Every structure is written in C-alpha cells, then in structure tokens.
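Working notes, beginning with the structure itself.
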C-alpha cells in the first residue's frame, strides 16, 4: 500500500519532448512507473521511445486512463499546463516547474478549489496538485512521479516522508534506508510560497495508510505550514511524527533559495515552528542523522 | 526585487493610486529646481533600500527651496545602515488630517494576497503587528477577481478609517490591481494620508516585485539597481546562483536550498558565522562548482569554505572536479571542508583522496566538517 | 400567495440617499412594502424618513433581517453593489440600474453561480438576482420591490406576469386589471443582454404558485430566452401561458433601445421565437389587447 | 460603437494581436507615401462602417506604390451601400498559407462571451453559420479568468486549424484579453492568417464596443466618428434618446423600448413604414417630448408622427404639453396621431381635446392610431 500513487498508476508526461521531460520520463520508467504517453502542443502524432505524443491532455485522456500527470513545462507555461490537466479531469497533477510567478499559482490553486467544489457536487473525487517547484512523489519500489534519483528510493519501508526541500528529501530517504526503516511514500510538496498540497493535506493520508507506521516531516522557515501541520498532528494523528526544520538560524527578510523560505517580521520564524511542534508533542531533530534515532525511539 | 519609494509610487500611480507630485534628484541643485517648480513646501526623502530612513535623518520637511537645498546637502551622501544615499525624492508636502496604513502581501497561509489595513499609519507595521495585532484588519483577496470596492469599504469600516470612504476604497482597489498586474510580493502605502481637504494620497510606498515574474515585465526592469545589491549578489545572479551575502566568515556552498540552509544552521550551531548562502542548484557540473568557489573566495570576509553536497541529480564527483580545478588554477587560498555523499560519492572521495593539499579536507558528515572549519577559521 | 416576495418581505434600499433611491423608497412604502433601511457608503448613521442609513449592506444585515435588496446605484457601481449584497447573504437582489457594461454583468452572474454552488454545499438557498435594467417585482397588493407605478398593480389576481420590457409590463398589468383577471406576481426581468434571472428561471415558480392560474410572458427580439422559455413550458408547465413578442418587424443589426433587443444574423429573430412558442403550444398575441382575450380562452 | 478595421487592429494589437504593418490615408498621395515606406506589395482597403467592401471593389491588392496610388484614386470617394469612402487603410500584403476565422461575441445564452473558431476564414461567418453550423467551433469564455491558452489550443485543434498551434492560441488569448479590457460586444479576426513563414497575423478586424462601457474608456473615444452615423442619430444621442433611423415615412415616438418596438410592429402591420425608432425613456418632461418631436420632424422622410404613450413613470400630460408646445411654436407641419394612456391620461386627453387643429388627433388604441396615420401619409 501507499498513498496517492501505486503500481497501477498510469502517468502522462506534459512537456515530454523537452530535454527535462524526456530525461525524467525515462528515469521514471526505469523506476517502474507506467508512463502511458506525453503531451507537447503542436507535436501531436509523434512518438518518443514508443510513447505516443498528444497535442493536448484532453486528447490523451481520450486514449488512456490517466491517473496522474507530471508537468515539465517552463515556468511561464506551467500554470496553463496545470489547468489543462485539471480541466481534463486528471486526478493527480505533479508540477515540477521551478520559478513560477506566485500570482499564477494563486490563480491555479483558486481555480482548483472551484473545480473541486463542482466535482464534489457531482460526486467526483477532488483533483490534487502537488507542487510547483517540487521533486514529486515516490511510492517506494512501485511508482515514481517525480525527479528524485531512483537509487535512494529502493527500500520500501515503514516511514512516510513529506518535505518542502528536494535534496533534504533524498538525504532523509537515504538515512531511513541505512537505518533499515525505509520509506513507504515520499511526497515533496515544494518550496514555493503558494503550493497545491501542504503538509496538513498529506498527513491524513499517511495516518490512513496501513503501510505507513511513522511520518518524517521536513520543514523549513517561512509561512506557517509547519504550524498547521502541528495543529493537525495534535488533533488527529495517532502515528508518531518526527520533524526537521531547516533554516533555523537564517536572518530575517532574506530569501533563502526557495521563494517560500523567508522570514517576514514575525511570520515564518523557527521559534514559532519549534514551539508548535513542541505543543503537538512532535520531536524535532537538530541534525539530519538524529531523525533516524528519534524515529526508532518513537516506533513500537 | 525591491523598489525605491519613487519607483513604487510611479508604479502604483499607473494603476490609479494618487501620489503627491514629485521627482527624484541626484544633487542639491536639482532639488532646488524641483522645489521651485513645485512651488509648495516639500519633503526631501533619501532613496535607499533600507528601512528607518526617518530616524536616521534621511527625511526632511522643507518650507522653501532654500531649506530643500540645505536638506539635500545633508541627506545626499549620508550613510544609512551601510547604504550611501545617492538620490532623494522631492515631493510636495501633504496637509495631513489622518494617517492610515494599507498593504498587500503574498500570504502563504491563505494562498493569495492578504490586504492589511490599520488606523495606525506612519509607523512600522511589524511593530503594530507584534504589539497590537488587533489593530490590523486583514482580508484575503480573491486572486482572480482582485479586491472589489465593496470589500475595500468593508475593511476600511472595520478598521475604523474615517472620512473619504469611497476614495480610500478606490486607493485600495488600485493597490490590489497594481499587485496582480505587476506581480508584487509586497506593496505598502504607509502612510495612506487623508488630507485636510478630504483627498486621499499615498505619502510613501514600499513595493517588492516577484523575481520569478520579472520575465513578463520588461517595462519594470529599468527599476533594477545592481549597485544597491551587494556586488557579489549581482555576480551570483549572473551565474544563476541563489546567493545571499551574510555577515560572518564561513563561506557555504551546497546543492539544494534546504541543504544549504541546514549547513548554515550547523555552522551557527558550532559557533561559526556564515559568510553567505550559496545554492548551486540541481545537476551542477564541475564548471558551475568552480564558479561558485571562485565567487565565494572573492568575498574578503570569507576565511574558509564549507562545501556540503548530497548528490541527487547533482553528481558528487562533478563537485569534486570543480573544487580541484580551483585548486589547480591556484585560486584556492583558504581551507575547504567538504562533506560529499549521495550520487557518485565514491568517485568524488577517490578524486579528493588523491590530493596532496592541506587546504581541502573531507569529513564524514556536515557536523564534523562545520566544526573543524569553524575551529580553524576562528583560531 | 405569490412568488419571491410577499407581505412579510423586509427590503433594503441600496443608494437610498440618491434622488431615485429616495423617490422609489417612498413609492414602495406607499405600496405597502416593508422597507427597513438603506445603504449609502459614507453616509452611515444618517436617517431618511425614519429609515436608518448604513455604510454597507453587511452592517445593515447585522441590524435587520433583509429578505431583499433593491439597487439604485449608477451603472458604474451597480455590479459592485450587487456583489456586496450577495456576499452579505441577501437572498433576493433587484438591480434597477440602466446602462451597465455587459462585461460587469457577465462577472456578476458568474460570481453568483459560484456563490450559489457554495451555498448549495452549505445547505443554504441560492441568491437570486433580478435585472439589471429592470423594473423589479410586484406581489399585487402586498409588496413591491421595484419602480413600477403603484396604480397598475392595485388588483391582486390570477395571472403571473413576466416581461423583458418596462412600459409593456405596466400596460399588460393595466389590461389584466381591466379584464378582471388581475396579477398575482409581476416580474420584470430586464432588457439587457446578460441578466440575472431569465424567463425559464421564473416559470417554475409560477407553476408552483397556488395563487397563479396562468402566465403572461412578454418577450422581445434578441437572444434566445423566449426559445428557452418555450422549451421549459413544453416540458414542464401545466398552467396556460400566453406570450407577446415585441420588435417583430425590427430590422437586423439595429439595437432597439434595449441593449439586448437586437437581431444578430440568425440569432434573436422573431421567426425563431414564434416557431418555438408554436411548438410549445403557447398562443402569441399579435397586439397587446389580444393578450386578455387569449387568456380568457385558455383559463378554465 | 463600431470601429473601422484600422481602429480595430490598433486596439487589438495593444493586447498582443499581431497585425500587418499599415497606416490610414486620406488621399492618393498619402497612400503612395505609405506604400513606398512599407516597401512591399500592399492592400488598399476602404474604411467604411458597412460590410461587403470587397465585393464593391473597395479592397485592392497592389504590387507597388503606383498601383497603390491608382487603387486609392479608385476607392477614395467611392460609394459603398450609401457610405462614401473617405479613408483607406494601406497595409502590407501578407503571404497567406491558411485563412481561418476567430471571433468573440457577447452571447446572451451563455451569459458571457463565446469564442467562435472556424477553418473557413475570409468569408462571411454568418454564411457559414447558416449553411454549415458544424464548421464553427464554440467555447463560452469564463468572464473572470478570460480565455486560457489551453482552451484556445483545444478549440483550435477541434476546429482542425493546422500549423503554428501555439501562435494561433496566443492570438485568441490576446483577442479575449482585448474584449474584456475594452468592453467589446464583438471582435472578429477574419481572416486569421497563417503565413507561408508560419507567422500568425490578423489580416482584418471587426470590433464593436459596448456603448454602456464607453464611460470607462476615455482613451477609445477618439475612435468615434459622428460623420459615419446618421446626423439625426448623432443629435438624438446628444439628447440622450434611444433613436434609430429607419427607411420609412412614419415617425414614431414612445416611452419604453418595448412599447416603441411594438409601435413599429403595429405600423408595419397596417401597411405603413416606420421612419425611426425613438424612445423618450422613463419620466420624460414636456421639454424632452418637445425635443423629440422637433428631432423627428427634421427627418425629411417623415410624413407623419405616431406618438404612443403608456404613462407609467412618464406622465401622459407632460407628453401632451410637449407636443402642444411644438404646435404653438409653429413647428408642427405634419399630422400627429396620438394614443395616450396610463398615468395622467385624463389630464392629457383634456389638454389635447382643447386644441383646434386638424394636425393632432387622438385615438383610443395604438392600432387605430397607426392605421389612420398610415392611410393618411400614403394617400
């Protein structure tokens, strides 16, 4: 078992004929992902590595059951590609694009909310967006819809991993493998200020997932997603959660790489995040290796 | 991208925000000419990318052109928190009846802009937020429809703003329009002034633009002032690095924003002080790493470099090659503590182990690397 | 009984301190309408004829149960005033403003649809907008939320009246009085191209209203609202309906006063409307007086 | 408000629609200069507010400045369906590979704009709509978000448009942006041309603006050409009347658009031909009615006037007073058939009954009034 994706997930690659799109489509296939085709407007009818290329997502969904779409499109077109997938009814959209204007993401998130209201009234499941500016998802050993290096996700295991950071996700996954714990599903939610799915959206899925026994949450400074996650954990989670927060010594007002990693006044401070985790009874690792130790303590 | 007050006012006024007449000037003579042209009492205001101008004496009320010239002489060249004042805004002084605050900010928690309005204008909003959060009224702004007049009126009424309700609401709507149209991450009118005549004007403006959206605002690029940024930040941005100059002595290079932030944390934890944040991004080749090392070394504050790599898409051996090139070209004159792990870790370690230099040392984890380097550079 | 409004309806007047607003607030009171107050931004705290004036609709709803709001605001501000009332939860909004930009109305209608989706999910009744550019509603003898001259609506009666035109509504009401039939509820839906409530929205209400025995529909050229009404009548109405269509000899491409009364190519032609009514079995009066005759024939 | 092709192109290009280079000219000399400046084969196109220019010979391809000058001589001054050509657009001829159609229109049935796209460009879209409706693909456009690129691509694909998919979609998005921003009621690009080089340009543009929204488009008011409208329409609009000039002999005045339309219908039904549509609006006073009567009388086609009033907010006695004033001032030289009912009906009838003139007659209903008048004016 895993959350959001699994061995049967059929994946579409938007921007498949671009350099990044082609590279990662191949890497996903190597991992075991069922890629069924790709989209590049204007290149419909072509084929790549045996995959059919369509002009639009709508055309692709006419030919395949699409469970998820992953977007490799330059930041200026990423919002449009996301909406294209959403309006075609693709239930899971993973947006990799780095550098999208924040206003574009605001509008995408707003439109998805509307669309999901309508879907709810029609009895359809909601459309979920992961990212942008995220590494995607891996269901260890089954399916990857993302850009994570395959090697760190070879050990299916007991721990659900959620992170705002790419490299730290890989490092955490490697640590969990080494510690013999392994990962169940890994979700990189992305480092932008406005994103489709937050910690608090993913935690309930892990809580309900039989394959997940504990959760590692890798947060960072900026915003209040970690605080919201802590509130959710305190109120609803029975499985143990261990957190790590990066940027704890970053100065105020400086954007630390990620557009979302910035302390503005008293918003997004590490103090607030650490206090929220403490209130929720979530142990926070001071260093990455400490994560495994804290987990071992928490797990039965 | 941060805008100066005069740039922010120019931008906001395009979308209908009323601002006092004014012009930017670079010399006392220009200031005199502008003050004469305006023919009314003026404010002479330092244009620097830093807060606290007023307290530093960078803002002066001048009743006539002579006073304005004298103020310009005092302010131009002044040092405000390390920034030299090179230009001033000369603007008609307004006849203030009320001073309010209105700001729009990208608010991650509501996934759109939040409009913030307060009766307490003119002072630092962070101060109000910290001490009397109930004095700030907030409204998430629909990112498709933008702020509507009825919403603006509602917030103004709730915040207790008095007089000229429709004009205040119009200004907020214009502010919202400007934010969406120009991709601002922050836009503050502080103070938002109601004059004795019932007019509503923006007496000051602070606007930050979304760097990710600059590609669609060619018309705003002339606002960029490379001189205002740290020269190394300018150079780093030419290389495409996410680089932030900090005030310590330990240079930091890593791959991935999270990992570099964590490296900063570790250095601080062991008693060191980071000199910078530098993220080489994903999949960097040797050349990129070489440039990163050169850039960090050009910072005279740097006494040593921590290189923290967890190879994912980035190959650790490419990182090693970049560092070795810097060494071979004789550029490396400071100690480098390296932690390499992940993809191509073995290859990287083999390359580095061959080196016969005391300058480059490998450590099994980032903590050990940071600790050794911090000890060395503070010795 | 009547539809949409009745003797207990509490009405708010937006723009009450304006010339039109004041005049019609008084005329409505004379008719018997329960006006509870008005709104004029910036004049909150004042009073007019004993009615309290508020700065916003939100403030008004804090002090009164508001069942309906009528808007007397210049066209440039009418969309905003409508949305203000809608977001304050006023269930019936009557927009009198003549000369609103069509794009403004498109956006209002779109937003109301969204709002009503949300309300439906929350189990709340939808918000209904009548107009713009309409004379409003009268429940004969009970309540008027509109600008119709009171004198023509003195005879409560058996006929529901819906119209795109103002003056023809008054004339029809007068004819029905003279004929001894009288009106139950009269709804002026307005002559603009994009309006909040169409014939087909009102017909089901008349069909369900015990006080209404027959319906008179006064349409005109332009659009296809009459065709949609005919389709509804054919499929769902048991009560007799008599129609009148004005502009039957108007030339193509000319805007006949109402922004919506224009034949564009083969859209909005009288032929199409007459054919639709014929298919639905709806008799169409050639002259106004004929309406009463056709009704008398149709009524039991 | 209808725009000329050159105005429509200017407007659309502000929002990103690519159009061929070109300028408007008022004389053959100007046409020669523009053709020389463009330095390529040009089209010389009559700018008149009426369709069917091409068939009338008002559009010519010219391979050089001499040909362009000759074309201008032929076209300027030409009469096209009653409109005299006073100016031409001189524009670079495009190298057409494909001709498509794209249009946005206010669509009452979907309560927003509908985007219409067809493979069959260059010809009258009404013709396509009538004969092969399946050749037009339609999409209602969200009035808040506007048309999005993915929607534009979808419609283009469904309609079978070939080549330069992204550029075609971009043009449609720009067209949509223009409609919302400028409050167009109709905006057509026909033909939308894909050139042999794969470029996408609007070779013709037809744009109508929403009169109700002109108040917020001061920058578009210079497009208004009073000379293109019937002089009486211009004057009527100054009075604030809804007035349309028609081609018959019976002048018509009434209150309320529906009632005036109905009066037209009745006149037609009894064999008369209306000379105009004139709605005096609601609540008109005697002065307004007096002006309406004067205006209608200034139309030389008018042989008699039907005044059809159902007093609601308008008082019938005010109408009577206005007509009587025209009579007393000696302006009334044509028969007037009046039907007055509703508010102040008795007072109006009393006033009119006192008159000792054969020119003004009262009738109990509009049918009788129309019939008598039609008989009289055709006699």
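Note that the chains are named A, B, C and D in the order they appear, and that numbering of residues resets to 1 at the start of each chain.
Just so it is clear, a contact is a pair of C-beta atoms (placed from the backbone, for glycine too) under 8 Å apart; a residue touches a chain by one contact, two chains touch by 3 or more.
Small disclaimer: the values here were computed from a predicted structure and weren't measured.
Looking at A-D and A-B side by side, the one with more C-beta contacts is A-B. Centroid analysis (C-alpha atoms only) places B farthest from chain C. For this pair, chain B with chain C, the centres built from the Cα atoms lie 54 Å apart. Chain C and chain D have Cα centroids separated by 28 Å. Shared contact sites, meaning residues of chain C that touch two or more other chains, fall at 107, 111. Shared interface positions of chain B, i.e. residues touching 2 or more other chains, are given as 144-145.
Residues 114, 117-118, 120-121 of chain A touch chain C in their complex. On the side of chain A, the complex with chain B involves touching residues 75-76, 99-107, 109-111, 147-149, 151-152, 163-171, 174, 191, 193-194, 218, 220-225, 228, 246-251, 254-261, 264-266, 268, 286-289.
Residue ranges of chain D in contact with chain A, taken from their complex: 145, 148-151, 153-154, 157, 164-166, 169. Against chain C, in their complex, chain D makes its touches with residues 105-106, 108-109, 111-113, 126, 129-130, 142-144, 180, 183, 185, 210-213, 215-216, 242, 244, 246, 254-262, 264-266, 268-269, 274, 277, 279, 282, 310-313, 341-343, 365-367. Touching chain B in their complex are the following residues of chain C: 41-42, 44, 55-59, 77, 80-81, 83-84, 87, 107, 111.
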